[in-house]
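Look at the two complexes coming up: chain A is in both, with chain B in one and chain C in the other.
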Partner chain A sequence: MKTTKNKAMIILFLAPALILYLFVFLYPTTRTFIMSFFKVEGVTDALSSWKFDGFDNFKTLFGTPLFVSAMKNIGLIWLVGGISVLLISLLFGVILTSGVLGKSFLRSVIYLPNVISAVAMGTMWINYVYNPDFGLFNSFLKLIGQDGLAKTQWTGPELVFWSMLIAYCFGMVGYHMLIWMSGIERIPVDFFEAAKLEGANSFQRFSKITLPLLKGVCRTNIVLWTVSTMSFFVWSQLFSPVNLSENTVTPMSYMYELVFGASSSALTARNSGAGAAIGVILVIIVVVVFTLTQRIVRHDDVEL
Partner chain B sequence: MQKTKMKEKFSLKKELKHAPGYLIVGLWVIFTFVLIGWIILASFSTTREIFDGTLFKFATGLHFENYVKAWTTHKVSSYFMNSLLYTLVSCTMVILIAAPAAYVLSRFKFRGNGLVQNLFATALGIPAIMIIMPLFALVTQAHLNQSKGLIIFLYIAMNVPFTIFFLSTFFHNLSTTFEEAAAIDGCSPMKTFWRIMLPLAQPGIITVTIFNFITIWNEYFISLIFANTAKNRPIAVGLYSMIQSMRYTGDWGGMFAAVVIVFLPTFVLYIFLSEKIIASVTGGAIKG
Partner chain C sequence: MKKKLCSFVAVVMTCALALGGCASATPAESKSSAGSAASGAAAGAAKSDVKLTYYSMWNETEPQGQTITQAVDAFKAKTGITVDVNWQGRDIRKTLQPALDGGEEIDLFDEDLDRVNGTWGKYLLNLEDYAKKSYDTTSSKPFTDVVSSKLIDLARSLGPDGKLSTIPYQPSSFLVMYNKDIFSKAGITSVPKTWDEWLADCAKIKAAGKTPITEDDAYIASLFGYHMARLIGKDKTVAMVTNKKIDDPAVLTFAQQWKDMYDKGYISKNASGNIYPAGQQEIANGSVAMYLNGTWLPNEIKGSAPADFNWGTFAYPAIGKDGDGTDSNQFGAQCFGINKDTKHPAEAFQFIVWMTTGEWDTKLAENSIGVPMANDATWPKQLTEAKAAFDATKTRYPWAVGMENDSDINAKIKTNFALLVSGKLDAKGFADAMKK
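For the complex of A and B:
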């Protein structure tokens, strides 16, 4: 009697969420996956007009210089940005958990960029920090007497990629810092006290206790960083608002151009099949990172 | 107790040991303040003062008209109201759909429970690019494209998995004694949920809702594709199109005023509720 009652409740309570899931996640993901193996021009084309073409979409993509630039860019963002963000955020996490005054205030300020719209943050960076006339960077360089450097065109073609990366990473540090901190705070205090009694200095305590116990958190951070960078889009659009440029293009912005053809110049012909293939490539990257990092942690016998 | 501990902690020698840490974090924090502070000052200034570098003097007074201009002539008011509508409706519906599901998943043993939980967990890692194309085809066929209802529906669906994930942990940590007591009193499980368990989960619901509010308010990609008309644009997409035009017309004061209007709601929310927001980030990420 009771189980049947529960059964009805389980179905009733789960159904809305499951229906939404099937409709907005499962069906689209499956269809995009299938679509990546077909030649499809317009995104709204009927199924009957799809033509199977095996791995042609993938081959076309890797034969297109702009897409190769996009992959190079996302690779650099992932690697250079990832190392910088994870190291800086770890450093901040360690500093803030070391018993400094005003910890929660400092933590809140460092996390702040994450609650502000990326469009607003990007506008601040482009139109204030990087502005060649009154920008923060060039004003500061002028102030310290580097007049030559003060003429730097931060959003010019040579530097735009790095300027974009710095602006993006600045916001991400706070997010990853919180995750490091939650890991550090779960380490029992006795570990540190015992090490202190044994005469370990603060660097030894960090490298021998904190770091090894943070392996799991490190993995979480790498996975989350990968998931968020693979969707790198707004910043690319903000730093190259009119047309795709090989300096700032990412797989997502390239896909947007391929499928929805937004920008005025016809840089790319409509090709939704290739757009779907980009999605599949990004998912594969996430899955590979997820599995590889899982293996690293599995060898670890310490579990907090 | 806490106070004496603080006093004990404050000694110059100890603080000196932290000096390098204070310096590094301090510089970062100062930069953040300069960045946001300057934008706020510039939003009350004129284009000429911004370029002359005299915006701190406010020689010509505070230019509130920047805000008036952005709010009315650049239609920020319409984008703002759209975002408010999308965010409030989606946040409410997300809870009504996710809370019951999370409760059932964390409380009842049944076949497929683990599978369903894994399904929702995978949704957290699926990039938006994998779902937009078929959805776009579907809604175009159904002539639903570029409507307010559609974007709200998508926001609800996309935020349910994280919310289920977050609330499951929360329900899991609530004691079962409440349900046992309710069952003895003859309260049906469903009634127990709505009358007893949902109110008990209020702290978790508030935390996750603040987090959803910020996510939806700042959402850009989905609305760029599904709600990119003058009538339906939410504030992030609206700001983007506005900035492009303002840069060419050279109205910098107005542009910074628009930026401030966009970040003000989440910024104010954050000032009052930063502890809760930070708790939701760590609570959601630990298991992820």
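For the complex of A and C:
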């Protein structure tokens, strides 16, 4: 009876969000999906100018070397970056929840890169860390007498991808560390105390209690990492600011150029249909990863 | 009751926020609508009680934006016409077309000459008739008689149906920008016109303790395009891109010549890792003498270069007997276009004339160390030599001689050139990699 009386209020509360969702999210999503099967030049071109071309946009993309490079790059960022970030952030999370002195301060310091704009962070890395003449890396190598290594071009074609990945991961560790910490802090202290009384050492407590009870958090971290990786754009732009490079291109930066044209050359052809197809591919990847994560990292009876 | 009242207030506030967001999303629309309602001007003569909406490619804080702000105020004082500038910056590349397609009332806009005519050509008004008329700042002559005919011809050739539909301004040319003090110190008395002279001058610059030339990821494709055009000519160079095959035997010659530049230490040791704008900073700090770049360079690095930086400019040297000479160079401009659906074409064109002739054309060039449009305007002293090279140019190269028309080819050039000038790839390796 009470629920029925509240129906009007429920509808009233839901309506603004629902309407906004339909117009701001669902409409562009549906339009993008449909657009991926059409030949469309400009993203706002009238529907009458769209030409149906089936899966041609997808075929063209996978036949384009730059898009293939973009997929390889994003794959490496997801896998290598993901493993590194999640492991390092887990390590920091465990250390900071183990009663270490200055926890709040250290947590803030590790999280700090997330507060700073990615553009500022990228500029810092490129100019003050990777600069071959006065950057941190080469200055340090010179200091320790490694003059040969101190000539390394960190942003040259052979290393620029890894330099970009390190810079990106540096900023992401703090974010995932906080998620790990929230999971660890939810585990009742009694579990650890009981284990201690039974004579379990730190590693045993970590592997037998902490890790199994972090499965849900692990899943969350993997999904969040996947979503943020698929939208990898700013760092790609920072490491190739004017036009695309094989080593730094990602699906998002390639999509941007296809949809809006190149910034330096006005003659580069636009192809919003192919851009939409990239969007669809990224969505499929996220959904697949999410589904697999749900299946592989299952909830079980010890989940809190 | 209190709970219900709170809930009701919360819902009202949510709706108000949402609706408020919608309302504030289109300020330009409401303003321009007010402007159009107040006008109704006929196409021929300009009226004074008009408000124009101008989508600008500049940011308000750039020298160009600052000058345009002053010019808009002066224009209002002189004509009574208000120009409402919507500062889009380079984001105009993605915001203009949706705004035009969405029916937003935009009277004029600007961007690169190739882009406005090529990408947004269908939105442009034919300006031939307006350009034939005389205006206050054209000394009773037709507008087209007082501005650069080379650029007007270019705009016409790029325009829809070959009609003049945009008015160029802030012209630029792509040339070798160099530090004249380093040249003097090295004992170079005249700029190189051939590859042999170029190599001889590089040797002198190196002997003087400076690095002859630098490069960065943004302009490598232009360097490759220029060099190839000097070896085999513009048409064959562009054809390689059109056919998606960078396989001309001259690619090996290019690689041998630039490998030679690397081996002799004539190119910056940082060139392979320079991410834009790192290359031009090597010019600004005086460690490198030359850089193949646009005439916009003095403005771009004026913040980091000494105020008395002694700028010089020359055309990329001639190289092969089958290639182009120094009278072939890329040049272009930004340009104004008028929306074909505008209600105020005469007033919009009047503003364009205001910006491209007389006082404001000169001020825009001065403040942005750029090139003026009017024939009688003086070029900034930093670009004195650029004017001679621009005037001597007979054949226009497209941007990067076409090398950036294809993103795959551009990316391939960037990677392989960086490997070539870091000793990781030999000449044959470069040519083979470019064929793949």
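FYI, the second predicted complex is superposed on the first by the 281 of 304 C-alpha atoms of A that agree within 3 Å, B and C clash if a C-alpha of one lies under 4 Å from a C-alpha of the other, contacts with A are read in each partner's own complex, and residues count from 1 in each chain.
Throughout what follows, a residue touches a chain if its C-beta (ideal position, glycine included) is under 8 Å from a C-beta of that chain, and two chains touch if they have at least 3 such contacts.
On a predicted model such as this, the values are computed, not experimentally measured, just so you know.
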- [ ] Please tell me, clash or fit, for chain B and chain C sharing chain A in the overlay.
- [x] clash
Open item on the list: Quick one: is A:293 in contact with chain B, with chain C, with both, or with neither? Answer first, second, both or neither.
Closed with: neither
- [ ] Determine, under the contact definition given at the top, whether A:153 touches first (chain B), second (chain C), both, or neither.
- [x] second
- [ ] Determine, under the contact definition given at the top, whether A:35 touches first (chain B), second (chain C), both, or neither.
- [x] first
TODO: Check the contacts made with chain A and report whether chain B or chain C touches more of its residues.
DONE: B
TODO: Based on the superposed arrangement, let me know which partner A:270 touches: chain B (first), chain C (second), both, or neither?
DONE: second
TODO: Go through the superposed model and pick first if A:229 touches only chain B, second if only chain C, both, or neither.
DONE: neither
Open item on the list: Tell me the contact category for A:91 with respect to chain B and chain C: first, second, both or neither.
Closed with: first
TODO: Using the touch definition from the top, say if A:240 reaches chain B (first), chain C (second), both or neither.
DONE: second
Open item on the list: Going by the contact rule set out at the top, does A:73 touch chain B (first), chain C (second), both, or neither?
Closed with: neither
Task: chain B versus chain C as contact partner of A:16, first or second or both or neither - done: both
Open item on the list: Tell me which of 2-10, 182-190, 254-262 or 272-280 in chain B produces the clash with chain C after alignment on chain A.
Closed with: 182-190
Open item on the list: Output the chain A positions appearing in both contact lists, the one against chain B and the one against chain C.
Closed with: 9, 12-13, 16-17, 20, 43-45, 133, 241, 259-260
Open item on the list: Going by the contact rule set out above, which residues of chain A touch chain B in the complex?
Closed with: 5-7, 9-10, 12-14, 16-18, 20-21, 23-29, 31-33, 35, 43-45, 91-92, 95-96, 98-101, 104, 106-120, 123-124, 127-129, 133-134, 136, 139, 173, 175, 178-179, 181-182, 220, 223-224, 227, 230-231, 233-234, 237-238, 241, 251-252, 255, 259-260, 272, 275-276, 278-280, 282-283, 286, 290
Open item on the list: Under the stated contact criterion, what part of chain A meets chain C in this complex?
Closed with: 9, 12-13, 16-17, 20, 42-46, 64-66, 69, 126, 130-133, 151, 153-158, 160, 239-247, 249, 254, 257, 259-270
- [ ] Going by the contact rule at the top, pick out the chain C residues touching chain A in the complex.
- [x] 4, 7, 10-11, 14-15, 18, 90, 93-94, 97-98, 101-102, 111-115, 118-119, 217-218, 221, 269-270, 272-276, 278, 398-400, 402, 404-408, 410-412, 414-415, 418-419, 422, 424
Open item on the list: Show me the residue ranges of chain B that touch chain A in the complex, using the header's touch definition.
Closed with: 9-10, 15, 18, 21-22, 24-25, 28-29, 32-36, 38-39, 42, 50-51, 53, 97-98, 100-101, 103-105, 108, 110, 116, 119-120, 122-137, 140-141, 154, 156-158, 160-161, 164, 188-190, 193, 214, 217-218, 220-221, 225, 235-237, 239-240, 243-244, 247, 252, 255-256, 259, 262-263, 266-267, 269-270, 274-275, 277-278, 281-282, 285-286, 288
